[in-house]
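Next, two complexes with subunit A in common: one pairs it with subunit B, the other with subunit C.
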Partner chain A sequence: MSDVFQHSLDRISRVRGVQGSMFVAAEDGLAVAQLLMAGVSGKVLAAFAASLARKASGAAAATGAGKVRFVQMQAAGGVLLVALGGELLVAVVADAGVNVGLARLEMIRAVDAAAAL
Partner chain B sequence: MADDIRALSAALARDPSSLQYVELAEQLRRRGKMQEAVQVAMYGLGRHPEHADGYDCLARIHADRGELTEARAAWERALAIAPEHGGALRGIGFLFYRQGDAKRAVDALVRAVAADPADEAARRALAVLRGEPVPEPSPALYPEGDTRRKTPADVPQLRATAAALRALEAELAPLPPPPVIPPAPAAAAPPGARAPVFAGLEGATADMLLLDARGLVLAGGLRAADGSDASELAAAALAGVSGEAERTAGYLKVGEWTAIVAEAESANVVLAPVGEGALLMVRREKSTPVGLALRIAERARGAAARWLEEQR
Partner chain C sequence: MTTTVVETWTEVPLVKFIAQSSARLVVVMTPAGQVLAQHGFTKAVDLMSAAALGAAIMASSGALAQQVGEPGFAALYHAGQRHGIHLAGCETPRGRLIVLTVFGRETSIGLVQVFFDEFVSALKQAAPADQPRQPILAADFEHELNSSLASLFRR
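Right, the complex of A and B next:
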């Protein structure tokens, strides 16, 4: 199982601009597997990714948009990306100039691979 | 009660997908078995992730444990699923009060009473907060010939909040009279009657919403799938997003957040801060590329910022 996680995180980390990626338990925001550059706090990323995913899911439900699959938060100095699967989600923190489309593809592939375990 | 728990446990073992997990978790909570109660509630919600009653139950357990942040999150989740869930509205009303936000406490309790006019606990708490005479319990709670005063133990809907109400009354007793709360505004203006902030943009009154930091609609509108106006409910649900985004951006040290995009099953939703705590929501069909949705949102944000500036 950990090989699948590590392989997925390796692929995500090859996207230029990605500073860290991790699998997070959606329910409690705890890290399951991670690949982070120095200076990136895994605990912080996991906790806030899960929290933001919950908040965005609630907001989307209130607007009638249905179940959320992917969330991106853009900020002046970087982006937070979250792909939602079943019990796990994949979180990425990256530079503002990251290729979001490419990172998104790898992240959705990762949550699908985790869900298939 | 132990028999109840055994019976409910057996029923749940026979049918793991049963919604009786809520009653079992509630019984465990009342017996003070909080850890088991949480486990049962989480187990049930794992199978029924869109079950508002389950989140309401989980929130009460967290509240009993003093985990108010978790309780609020669970009640908010219940309200995102069922915006008029009486139990969740009442619970979050008490939480707002405990956090010193009397205005939002009153708003939530007003909605709780509207959702369930028989909710005596919410009515009484509302009266206390407004400084009005506390109403006697409804005669409907007293069957004919029954002169015994009903207690929370007799009436399920009172149990969950009776302790909180007693605490609320005790806390309010030594305080000066609360400030006069202005009457609730008349029915919210329909989308077409609001300021035409997004005029010229596609979906100006059906897919774009501008709200303030308190979750009140400023402009635009949001239509539900059946064509009804969902602006007020959506605004209330979106109110906490800005704060969450600010905290997230701060802890991750990525600077000020500029937009959130949520890609969902049937639509993409873009949220963006406009200034002074205002939040813009733009909804676009799933077929609209995310990049285009962001560009549309950027135009809408410009229009909203100009309008807010004019209102100064």
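Right, the complex of A and C next:
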């Protein structure tokens, strides 16, 4: 199981600009597997990514938008990306100039691979 | 929801912790179960029960840790259907404290852990270093308990 996580995180980390990626337990906001550059706090990233995913899902449900698959939060210093699956989600922190499309593709693949376990 | 404190230096860090973590109930106490601050309790008996049970859990888990050669367990987490419980100790200039946090599905254990770390730092900064806590003697226990309850529930 951990090989699947590691392989997925390796692929995501090859996208230029990605500073860290991790699988997070969606319900608990705890890290399951992570690949982070120094200076990125996995504990904080996991907690806030799960919180962001929950709030985005709540907003989507309230507005009838349906199931949320991907969240992109653009900030001045970088970008936080979250791909939602079942029990696990994939969170990525990256530079502002990251290729979001490529990162998104790898992240969706990662959550699908985790869901298939 | 009410937040009340016996020792005023705990109030600002506690209020911030509650706002950030969205915790429903919080008790800050000594390892003996003496309550220094609380949030969310409306009945004295509930608060005292929670404090006594929390202190007892920390004491028994500490003893268990010693048996397996650990200096102690940093934190305990119990996941329930509707609520989670986070129980952890921290060292402050006023001595060791135990914090019991009860939270619902509006937040997560991950967020509670993140903001608990900030709460501990704030408690350490706010604690008056020049007044180490004196141990409560058995003879003073009832008076201390009544005094704490009066402060916490404005009786």
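As a convention for this text, the second predicted complex is superposed on the first by the 117 of 117 C-alpha atoms of A that agree within 3 Å, B and C clash if a C-alpha of one lies under 4 Å from a C-alpha of the other, contacts with A are read in each partner's own complex, and residues count from 1 in each chain.
Operating definition for what follows: a residue touches a chain if its C-beta (ideal position, glycine included) is under 8 Å from a C-beta of that chain, and two chains touch if they have at least 3 such contacts.
As the structure is a prediction and not an experimental result, all values here were calculated from the model.
Asker: Return fit or clash for subunit B versus subunit C, each positioned on subunit A through the superposition.
Answerer: Here subunit B and subunit C cannot both sit on subunit A without a clash.
Asker: Just subunit B (first), just subunit C (second), both, or neither: which does A:27 touch?
Answerer: Touch status of A:27: both partners.
Asker: Have a look at where A:44 lands relative to subunit B and subunit C in the superposition and call it first, second, both or neither.
Answerer: both
Asker: Between subunit B and subunit C, whom does A:78 touch in the aligned arrangement: first, second, both, or neither?
Answerer: After superposing on A, A:78 lies in contact with subunit B but is clear of subunit C.
Asker: Pick one for A:35: touches subunit B only (first), subunit C only (second), both, or neither.
Answerer: Neither partner.
Asker: Touching A:66, do we find subunit B (first), subunit C (second), both, or neither?
Answerer: first
Asker: A:93 contacts which: subunit B (first), subunit C (second), both, neither?
Answerer: A:93 sits against subunit B, while subunit C stays out of touch.
Asker: Return first, second, both or neither, reflecting whether A:55 touches subunit B, subunit C, both chains, or no partner chain.
Answerer: It touches subunit B, and subunit C stays clear.
Asker: Which partner, subunit B or subunit C, is in contact with more residues of subunit A?
Answerer: Larger number of subunit A residues touched: B.
Asker: Kindly point out the stretch of subunit B, out of 1-9, 37-45, 181-189 or 235-243, that overlaps with subunit C after superposition on chain A.
Answerer: Clashes occur only in 37-45.
Asker: If I apply the document's touch criterion, which positions on subunit A are contacted by subunit B in one structure and by subunit C in the other?
Answerer: Looking at subunit A, the two contact sets intersect at 27, 44, 48, 51, 54.
Asker: Please output the residues of subunit A touching subunit C within their complex, sorted ascending.
Answerer: 24-25, 27-30, 43-44, 46-48, 50-51, 54
Asker: Per the contact definition, I'd like the list of subunit C residues that touch subunit A in the complex.
Answerer: Per the stated touch rule, the residues are 79, 107-111, 113-114.
Asker: Considering only the defined contacts, which subunit B positions touch subunit A in the complex?
Answerer: My answer: residues 42, 46, 73, 76-77, 80-81, 83, 222, 224-225, 230, 233-234, 236-238, 240-241, 244-245, 247-249, 251-269, 271, 281, 283.
Asker: Please name which positions on subunit A make contact with subunit B in the complex.
Answerer: Contact set of subunit A toward subunit B: 27, 41, 44-45, 48, 51-52, 54-80, 93, 96.
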